[in-house]
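To keep things simple, chains are lettered A, B, C and D as they appear, and every chain counts its residues starting from 1.
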């Protein structure tokens, strides 16, 4: 089984890649994908995940062919911080 | 002393005129102007008044040369009643 | 700040573009624009409306609209505001009113715009007389509550 | 309903005019339009910003924006909604986002528009990387609270 993993924005920069492929044989969760592909123990609290372009929880199961994405908090729209 | 009186919208239609002039010798309030010019005892509760183009109370005094206006509740902007 | 009373049809997009490009202070950088546009419908109070006449009190209208913008300025920080209101004979689909507020923050732009719309409806001296599809005429007697949900 | 992701500059007035004239169902009579436009400023978090890059997640962005409009529909009665969002390289004064809601009642148009703007900011997968006037780059880390007063 194989899934596509995508990283966006500052997270992609920190990890040095925006896409990779994870092959696996046993059942996995979103958090398992993070551990396997980043070699970090668990998803940082501020990192968001999506499976097949919908928001997902770290405990959600992934399936063959899924696209799993990880990204920092979103900052679209008009932003003013001052 | 003389003041100009104006009536707007449904009120002007009901009274059959949109403007008149009131001459007087003693001090008068907005409500006095109403009584004198319409021959009605006092302003109906839903009638609004303005003196020199600013909202006024029935008890406000009027002065020589003032423009006093009476009108029904306003209905500008976008209106939808259904 | 600008207040405009129009006797002819309003093109709201043209009004907004012209004001933003030509009248807004170019040194002032806005981040948020809150806009409301009110359009005449062919139904009101369960009756089909053919057209209507918007009467107003020239002079007081402009005074009162300026006062509303100044009242809004005391409550919210915004950079500029525009009010355009139609008067005279109006048909369904015509723009009746346009309110726009330019601000640094979106909360201020949206809330000030909403405040101006509501204050205009309850205090600016405009009156509507409708001609129904039956040919009957009637004065609009009240405004609905703009904060209500359907 | 339309969701548009733009790689080039957005003319908000043209977008609104085109959508209203060509895409909106002509049989459906709206009485109120609530609009929000967000514009890039040359200051953010007390630093002068030269330009920025808006990254997004193609596919998920459109999904998520459609979900937001559907969520709004469950809470307010409106006839149509348009979201236009810029991506790629953006400079100060460029329009970043446009949200418009057409409804029968003004309360629904304004509240649904506001809801969509806030939901977009907190859930649509867009990220901003700023280039400061010093040449430094930084990712924008948070959005401000849109309901706050200045």
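What to note about this one:
We adopt the following convention: contacts are C-beta pairs under 8 Å (C-beta built on N, C-alpha and C of every residue); 3 or more make two chains touch, one makes a residue touch a chain.
Keep in mind that what you see is a predicted model, and the values were worked out from it rather than measured.
For the pairs B-D and A-D, the count of C-beta pairs in contact is higher at A-D.
The geometric centre of chain B is 47 Å away from that of chain D, both derived from CA atoms. We define each chain's centre as the mean of its Cα atoms; on that basis chain A and chain B are separated by 69 Å. Remark: chain A and chain D have CA centroids separated by 25 Å (rounded to whole angstrom).
For chain D, the set of residues touching two or more other chains reads 31-32, 37-41, 43, 104-106, 117, 144. Counting partner chains per residue, chain A has residues 77-78, 80, 82 touching two or more of them. In terms of which chains touch, the assembly is arranged in some other way, matching none of the line, ring, star or all-to-all patterns. All chain pairs that touch, listed by label, are A-C, A-D, B-C, B-D, C-D. Within the complex formed with chain C, the residues of chain B that make contact are 6, 8-10, 13, 50, 53-55, 69, 71-82. Those residues of chain C that touch chain A in the shared complex are 31-32, 104-106. If you check the complex, the residues on chain C that touch chain B are 37-41, 43-46, 54-57, 59-60, 63-64, 85, 96-97, 117, 120-129, 139-144. Chain C contributes residues 13-14, 16-17, 29-43, 75-77, 92-93, 104-111, 113-114, 117, 144-150 to its touches with chain D in the complex. Residue ranges on chain A touching chain C, taken from their complex, read 77-78, 80, 82.
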